[in-house]
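You will see two complexes here that share chain A, one where it goes with chain B and one where it goes with chain C.
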Partner chain A sequence: MKVTFPHLGSMHIFCKAIAETAGIPYIVPPETSRKTLTLGVLHSNESICLPFKIILGNFIEALQMGADTIVMVGSGPPCRLGLYDLVQRVILEEMGLHYRWLTIPPRLTWQAIWKNHEETKELRKELSAKNILLFPYGLWMGWKKMIACETLEQLAMKVRPMESEKGETQRRLKKALSWVDEAKTPRAVEEAIRKGESLLQDMKQDHSRIPFKVAIVGELYTVMDPHINRGVEQKLGELGVEVTRTSWFSTHILRTLRKNKADQASERVRFFEASKAYLGYDVGAECNVSIGEAIWRSKEGYDGVVHLMPFACMPETTASGILNKVGKDWDIPILTLILDEQEIEGRIQTLLEAFVEMLEWKRRAA
Partner chain B sequence: MGALQVLIMANYLGIDVGSITTKLVMLSESGQVLAKTYLRNSGRPIEAIQQGMEDILAQLGKTVPIDGVATTGSARHLAAYLVGADLIKNEITAHAIAVIDFLPEAKTIIEIGGQDSKVIVLRNGVVVDFAMNTVCAAGTGSFLDQQAARLGISIEAFGDLALKANHPVRIAGRCTVFAETDMIHKQQIGHSVEDIVAGLCDSLVKNYLNNVCRGKEVLSPIVFQGGVAANRGIHKALEKELEASFIIPKHFDVMGAIGAAKLVKRARPSETKFRGFDLLRKSCSTRGFECGECENQCEVIELLVDHQVVACWGDLCERYRYAQKG
Partner chain C sequence: MEEKGCLGIPRALMFYRYFPFWRTFFERLGWKVVVSDGTIRREKIVFFEDSCLPMKLLVTHAVQLREKVDHLFIPRLVSIHRTYIMCPKFRGAPDVVRLATEGKVSVIDETIDLRKGGLSLLQSFLKIGEKLGSTRQEGKKAFREAEHSFNGFQRGWVDRINQLPTRHLFEMDIPIPAQRSRQGCPEPYMVQGATSSVEVGGKEIGAPLHVALIGHPYNLFDADINKDILSLAKNLGMKILTSDLLTEKEIDQELSDLSKEIYWSSGREIVGSLFHFLSSGVDGVVFLTSFKCGIDALLQEFIKRRLKVRGGSSIPLLILSFDEHTGREGLTTRLEAFRDVMEEQKRLQIAKCKRM
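Our next item is the complex of A and B:
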């Protein structure tokens, strides 16, 4: 057995940690590249969204490298994403690729547990007693590494607008994340966080700058993966913006586990409540949260909101229309960026530069 | 006196390299347009910039000292590497700056160019909102260009032809590819060219308003600029749809370049990086290669001036750019 998983944000780091710790063979898909996208585009329906195509590309590359078991997060309707795992399975089968599929349930229900039981019935036969015994420890290591990655990424978002040399934060973050990836014991993970934090903090910084505060909201895969959003987070940071976002793997997992007491998860409940002023019901995926977050960010004194969505994404198309009104009602600049397979880095850069300049004018006028 | 002389003589060059056309403007210290040029790239922006510089020189009749150069437009980085720019600015800000000086009370800028269409919302001389087409170039000039070519009429005559229409046909405006299907259908059932052309203008306008202006507060005074502002058919259709009349600046086609020149004038570089007008006699070219270091297979571009590599880009990992910096 060789498991694989999407190369999404820092997901490959903690999924690898689970498999590695439990002694289960795994294959990390190659970093998302143009080849990944080309494969994803070639084998999927033209009108489906960019995250679908990129994740499909990851799977194809991993299966071609010899993986035989795919672990993928499932999700619920009404977003097309709700059918992600099902459609991807059909496509891969039609391509003649052989594999087994394991869905991580989006919500813990009896039905999901039953499905998981069915899917793992065969797999469990291949696992040794040692694998099964070590699995809870593996999950714990995975969780630790996920938190480690998020801690470092959040610190990078804070220091990036202060960097004296453009691009330095990104280089250092990459190195710090590789330390987390290489750590083999819980103590080594702690050590990697500590070393990573000082690597980022010790960078040459210009503390005279007053960064703008901008929240990134939108479709979660697009928000979380720099390959899908073409590095919006980094680009904004390098333009002097301290970026915040609430879409993290930990937020979504805690939400799934109904651990709403955790700060980030309860924040999302708050956002959802705020969206009720504009939406009567749950549109699905992140739509309501995107709207609610924009409202709260305005109340909290943020300078602006950047809304990310894949082209043709249904819930976020709804959100973008409403966000126009939210921006006016709450006097907060909102920029919607639509992402698709075209190479539009230049265009994104233009829009972000103009957006930050608009914020500068607003600050000067105040 | 010497210093004053220099101040009076100060000249600023603004270069706006868009996807379809290249615009150059020479601005005096007082903000007066001394020379301007608007020409098609024909897919060769470097040659267009060189040609533009030649046009500017011809209009001035002599080489003048340049105190600052700014570039804008989607090829602003290429242009900056080529000519040696003191300032690189995005085209949204450049357009806004040009209008704020031209008409401080303006509340909306509608700019439709070759591949880009924008709306910029101004309040009290400050940009408060904007939008630009991102993944789709439906409501833009290049589509009009294609259709004009297909109908065998010049783009210059296109707008006036639309004004002669009696009953503009209804053409689906969701997407230009869809629009074309609809248009051919109308042509095959016998509608006149005038009516089809006018219908096309309506459809492009609806597309622009739905895609770009959706949810934006379009208030008068409205300034209409960009290459398409010369198209009277579009102009009329837009005014009708918005129930407003527009102000078209005298230099509507080169406003981005004017904005860039104004910005560099404000920045007042102590010493310009401009390579000089000699550039137009030098051999300038680009050379591309595919990097095989990783799966990204980046198409790396090198810019050569006088057979020497002066800049390099396109590498996602920036390894070649670093090597270039030394």
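Our next item is the complex of A and C:
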């Protein structure tokens, strides 16, 4: 048995940690590249959203490398993400690739646990008692590494606009993340965080700058994965913008576990309430939160909002129409970037430069 | 009863299924129902958001109506089935229209969610009635009559499609013309169960080709979206069947072996009826989609792959995708070619039967 999972931001680091700690053989798909995307595009059609294509590409590459068990997060209605597995399974089957499929249930219900039990029946035969006993420990290690990655990434978002040498933060962040990746024990993870933090903070910084504050909102996959959004976060940071986002793995996991008491989850409720002035119903996925967050960021004195969405995304299309109006009503510049398979890195760079220039004018006028 | 005022219904989206219901309901409550004009030219489309063509047309129709009516009726269709839901765009549709019409007209956007139970439809319409100043009694009576008229309309629906020009489909006052040529020997619908090859052999070439049109109701019946494919097909001698002919059970049967349940009611209807028609005795199946329709894009891929995995189908399948740039000429060519394929297929089958 060889387990594989899709790429999503730094997800591979902690998925790997879970498998490694529990002693389950795994294959990390090659880093998302042009080839991954081409494979995904070839086997789907133009109006399917970008995450579908990239995840499909990841799976094809991993299966070709010899993986045989796919682990995929499930989701519910009304967005298309909930039916990814239905369609991807048929596509892989038609391509003649062999795989076994394991869905992580989106909600912890008895029904989901039962289904999971059925699905894993075959797989458990291949696992030793040691694997199963170590699995909870593996989950805990995974969680620790996930928090570590997020802490470092958040710090990088803070220091990036201050960097004296362009691109230095990104280089250092990569190094720090690789330390987290290599850590084998909980203590080593702690150590990696500490070392990573000081590495990022010790960088040569120019403290005379006053960075702009911009929030990134939108569909979670495009917000979280730098390969899909062509490094919007990094590009904005290097243009002198302090970026904030509320979509992190931990927020979404805590949300599905219904741990609403955590700060960030209740932040989501706050955004949701704010969106009610424009939307009378929960449209699904991140639509309401995107709108609510834009409103709140304007109240909190942010300089702008960047809204990311994949082409033809159903909930976010509604959001983009409404965000136009929100931007006017609340006097906050909102840039919507629609991402798809085309090579648009250059265009995104130009759009972001123009956006930041506009923020500069706005600041000067005020 | 004197008229209380004008109530506008945009000729878009689920208008193409529920108009008879809505119209009867509001007329019984004493409102004059105004429907926006059919044909919208491409230059007139309002691009409020970068959505699919049916959604853009909803906004366009609503903007067109805003000065002529007192209220616009755009229900928030969350679910029109007891378990399954609608596309998420329908949930935000009233809000998008409200922003696009700049608040110049009151929008009635009562939520319709049938997952809440059998009486939730009645409850929603009673609330709408109350908003419009009617009592619950009047509302209930109007609802019953609306239900009755909708069911009656639905019964004659496939005959209507085949015998009336597209622009008269929803003119409820125009009756279905009496059947002329077919009165002597009623032709059986070839969809109930698999037809034997003998039946196919008995039919001569030149008899109408039975073509199943599959898709969201607005893609099927909105001439602005599909450039009036219905009349094109009828002129080419095709008899049109739709998923309205099938019962829910027949549709569910085709979907029973999926690894995960499709949770959009329209998506289920499309996939289920498509596979049903492909395994029954129709001559061809046409799947109509709108560009950028999320549900169709995903399911289209599913349908194609599943067919291949199952070893294909002997019944020709045509997938047509529409947007505001689609032209009638290209469509005609494709339909003509499709007809030729169907006829060839039929000829082959007849030859096979004769040899046996």
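Some points to look at:
Keep in mind that, in the parts below, the second predicted complex is superposed on the first by the 366 of 366 C-alpha atoms of A that agree within 3 Å, B and C clash if a C-alpha of one lies under 4 Å from a C-alpha of the other, contacts with A are read in each partner's own complex, and residues count from 1 in each chain.
Criterion: contacts are C-beta pairs under 8 Å (C-beta built on N, C-alpha and C of every residue); 3 or more make two chains touch, one makes a residue touch a chain.
Worth saying up front: this structure is predicted, and the values here are computed from it rather than measured.
In the superposition on chain A, A:G280 makes contact with chain C only, not with chain B.
Once the two complexes are overlaid on the shared chain, A:V90 sits against chain C while remaining clear of chain B. In the superposition on chain A, A:I338 contacts both chain B and chain C. Once the two complexes are laid over each other on the shared chain, residue contacts for A:C313 go to chain C alone; chain B is not touched. Of the two partner chains placed by the overlay, neither chain B nor chain C lies in contact with A:G23.
In the superposition on chain A, A:P226 makes contact with neither chain B nor chain C. For chain A, the partner that touches more of its residues is C, with chain B and chain C as the two candidates.
With both structures placed on the common chain, the touch criterion links A:K325 to chain B and to chain C.
By the touch criterion defined above, A:N45 reaches chain C but does not reach chain B. In the overlay built on the shared chain, the residue A:P186 is in contact with neither chain B nor chain C. Shared contact residues of chain A, touching chain B in one structure and chain C in the other: 321, 324-325, 338. Interface of chain A with chain C (complex): residues 44-49, 52, 76-80, 82-83, 85-87, 89-91, 93-94, 101, 278-285, 287, 312-315, 317-318, 320-322, 324-325, 338. Per the touch definition, chain B reaches chain A in the complex via residues 74, 89-93, 124, 126-130, 132, 134-135, 214-217, 294-297, 318. Looking at the complex, you find that chain C touches chain A at residues 48-51, 76, 78, 85-89, 91-92, 94-96, 99, 109, 111, 258-260, 262-264, 291-302, 305-306, 308-309.
Contact residues of chain A toward chain B in the complex are 30-31, 33-36, 167, 311, 321, 324-325, 327-328, 333, 337-340, 342, 344, 346-351, 353-354, 357-358, 361-362, 365.
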